[in-house]
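In what comes next, subunit A is part of two complexes: it sits with subunit B in the first one and with subunit C in the second one.
Showing the complex of A and B:
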């Protein structure tokens, strides 16, 4: 392998119990808050991974940090790029056109309001009709898993999952481990049938 | 509690929670009417871990809950057919020679009467009533009977029916039939809801008992308490909540003192509840938040949360544990015992408790099952009652050797249909329950950023086939109506519910599930039939008044600060 493949977080659907601790942890670490506890967060809960709970399966779905990221390739303002083996969104450039949302086959992309210092940031020109009359519309930005790039301890969701259902897949390491295991197993069995 | 009291002599969970951690490949869990991973998540997770260690799991639930998805056998029975299902399991156990004959002979009575009824519930007959395929009934029965130890777990899924007591007696029948009583990793285990509802019951909150389930009609008990309290006491059984409401309408009850309860959202048929509460001369509510019931009260007394008071909590497996004050109460709010003491004084009774421990000590010297538990002993950890003296270690497993009443009593139970079934006008069935993020009427959980954020609004689970007939898609706004009331919510189209059944919670005040439910109740316990009623569902049309209603609904549904 020449290039290093991007890591990504994925859940084991056999272990997930649908408790949403991962969604909460994600929302908390990405919230613009100084407080030490969840109760101090004032902004709405906006996770970057999304629990799916149907009759057949329960597990969260999040960004795969695709090598040929459809979201990055589709973005008309070049807001998405690969930075240090992660697919990241430059929110300053994002216009909220939702092309990335349409492109992502996993539904990992969402658009959420921008918050700063606990207050929603509104647009200068665009007004919205609401039951309280005309108000400035909030700025909406593309939003997806960023592998907790700003967190010192890595992905928060993995750490809080009570069932240890979430795992950080580092493709090169997984591949290496399986190659070694396969070779070692073959060595053991070959002793039985090769002369 | 009533069912187990009749069968075993004691109404509480017979075994302890930690035993699940000791279960292995030779053991089994039978979970009926409990959405354990959602409503008792810690116990639910223990069950899943036990499953990973190799136990067999049999789950009986009309909905495809997460626990059902993990089951070895999932019995998807029609709501209200628990007795038939349990009799059906008993039939297989009896006819395949899997019953524990020694246990039945030595430790039980009334077996023949029960056997006569159970023998009519062949797999085919049972299948016709429950809609569970005969092979699954047989497979489940074999697992339950053949395991070294099978623990049965149940909750409101079987008790909140007009046949609630019958359902519990039938679970007890199966447990005795298979000899799974009075031993580790077995037992019949009702899981209680609130962290201290067991404690509240133990303290005599029910209208027919004093502390420790000592009967109010027993003259020796009455004399004992009259002497201890230096007061005249009634020897009559009091009123249950449904009877209280009816008595209010007849002007027999004038004043109601409610604490730590929100009947305006947790009782069935809340239009009727509101009518009754507003009819009172005086409604007093003691709570830590201004609940929907407190809002219509004449007097509100502010209580304190768990962190602001000393006392004990008794968990579902009878383990009494200390709680300790960590922060000072806000404003003028006081611990419940102080408020009650001050009211007693104001009414002329010399109540002179100076601490929660004073109250506890007075109680335990009047209560044999708690007599050996003291605050000092509780410093070393929880103690499960009965604990008759201070040298007794507590009783993790009940009914070892003999039942509380001596012999376990079998009960012959016939199948009865629920009170209100679907008909032409209300063609679907509605059942109710909870989601993991919220607790009951949401008094606490809807004030929590994380919990309310995880599940901010109500939705009605409806099967795709039913939704299609009504032209409803996932996420559509719908009106849900029963004979008692109506609400507006969103549709969640899913196969978690079978065709013909819908599901809603009671957590959201702006779309309160109990405005729909039926107050028809079990004749013995008066527990309402929250789990079955008939309903009609309609997609909302926004070209008219429906649109205005939806705007109001949206505004109210925002998170309570």
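Showing the complex of A and C:
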């Protein structure tokens, strides 16, 4: 049995300046174009982490790769599963039902149109009524952080953050660190504790 | 003095998140605002270098329903409706739709010029590797777009060297104001005019290559083709946003008309090429037109920091000593440091030169000059971090760690281009020799190729 806890990326809201460099890099490394400049981008920017900016807080929110992932447990077509300690979406199976979106307590799940070779992919039968008449409706897919599973250098958001506000959390390491801190603190107060 | 392109660089209030990264690259502290709030640009201070446009990552999300529609934003920015790329908070108002209209106007005779740094960057917008060198494809694309003459700013870069080289020799030998400053970077010129007007006499009186080309298109160029100068429409393609400002300076009409009618950036040219459905990557290479499109390696290195200095030294050496320069590669003025200095032996004379890249780096140098503590003869200044290859109008790199790579490759290929040119010294350019024989005389040289500057305070 694999008892290793899933890692996830989280931003320090005290450091985040809200520049959206993470969102942009996220969208770029997941796009199927290998262009390096803005002019090569022909599809909308579709990040997998989402900047929150309110009067109180500025930081991006992204998937926690929950151990008991509500999105996966709610998915009616088993399109979400855990692979190598990451919660991943099988977009081939996704039907765009939005149940995962509703189930996620972080709002980390999005639904976005499917693009292939710079063109939006449309459905076989379902039509949508628009100002231009009936058009084929685009395929919509669940969309969230995959921890840059295909990136050799790890999550792009962490790499590009100019404030180094994003961090890959390895839960057991953090727990271990906390244990050591607690023990050290305890040593200082041990006298009062045991008399 | 207010020029209408002042304020051409703007920050979209709906998109700006107030991260203030742009304030870190603005060389003149022209960006104002509270942290976390939308920023504004002080147009009096702004030198239109466009570095804020390059760093901005606050893009407009296609799925954000709380902001004005993309079509509206594109219209405000004067972009071609066919453009698909994402929009960012910091932007410049474009001129591509103007050029598109002009190209279908048969009553006009269109002439275009391309700055040195455009040819090492434009292919990036079509997915080619960063810094790809494609002068032939660029010339072919401009012909396909329908320009009647595809000329080159590199030709007038060579001409600038002839004029500026002679001006330097004159100042050094006849006791003129020294050090002499280069004058090809319009942001640097605006900066001197507004922040150091007392140093204006140090600026070379030479117009920039863009403006020399503009003045020649509607005089010599019109003569060559036997067309009415009034019908010539002059377009420039620049790696620079400030060139839009420069071409609209009120005095830039020495041909009798607006010398450069409109300046577009490298990015805008790529957008025009895509709009016309031209397959850039598949284009067979073509030549620039003669006579105003013939250039040397010295002209093309203007795109890199130190390039104007190197080109000037190649020519000054040979004009002063009447001997061939021992090594045409003057590597001592190349590099990426903000300030580089060198002593260059030119016959009996030792020329003390400095090269500055990044406008902020020039301030200590200017203060030293004012204090009488700098004995340079000649100083090249470029506003952008490593010269025009890193200009505000160049393709915007998506991933920040790849920007350094882009700059290195663009610079490297600029020198590769120089090394592979038949002629590498401006005074050897056959069309430069010809224009001095056939057209340029003392009177029109002063009128067409030189200018005056305006204190702005």
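Keep in mind that, in the parts below, the second predicted complex is superposed on the first by the 175 of 195 C-alpha atoms of A that agree within 3 Å, B and C clash if a C-alpha of one lies under 4 Å from a C-alpha of the other, contacts with A are read in each partner's own complex, and residues count from 1 in each chain.
We take it that contacts are C-beta pairs under 8 Å (C-beta built on N, C-alpha and C of every residue); 3 or more make two chains touch, one makes a residue touch a chain.
A quick note: this is a predicted structure, and the numbers were derived from the prediction, not measured.
When both complexes are overlaid on subunit A, subunit B and subunit C end up clashing with each other. Once the two complexes are laid over each other on the shared chain, residue contacts for A:44 go to subunit B and to subunit C alike. Residue contacts after overlaying the shared chain place A:54 against subunit B, while subunit C stays out of touching range. Touch criterion not met for A:137: it reaches neither subunit B nor subunit C.
In the superposition on chain A, A:159 contacts subunit C only, with no contact to subunit B.
Of the two partner chains, subunit C is the only one that A:36 touches; subunit B does not reach it. Once the two complexes are laid over each other on the shared chain, residue contacts for A:86 go to neither subunit B nor subunit C.
Taking subunit A as the reference chain, the count of touched residues is higher for C when subunit B and subunit C are set side by side. By the touch criterion defined above, A:20 lies against subunit B and subunit C together after alignment on the C-alpha atoms of chain A.
Steric collision with subunit C, judged by C-alpha atoms after aligning on chain A, is confined to one stretch of subunit B among 343-351, 415-423 or 523-531, namely 343-351. Shared contact residues of subunit A, touching subunit B in one structure and subunit C in the other: 17-20, 23-24, 28, 38-39, 41, 44-45, 58, 162.
Every residue of subunit A that touches subunit B in the complex is listed here, in rising order: 17-20, 23-24, 27-28, 38-39, 41, 44-45, 54-56, 58, 131, 162-163.
Against subunit A, in their complex, subunit B makes its touches with residues 37-38, 41, 44-45, 48, 64, 66, 69, 436-437, 448-450, 453-455, 494-496, 551, 555. Interface of subunit C with subunit A (complex): residues 17-21, 35-36, 57-59, 61-63, 84-86, 88, 124-127, 129-130, 267, 270-271, 274, 395-402, 406. The residues of subunit A lying in touch with subunit C in their complex are 17-21, 23-25, 28-29, 33-46, 51, 53, 58, 112, 156, 159-160, 162.
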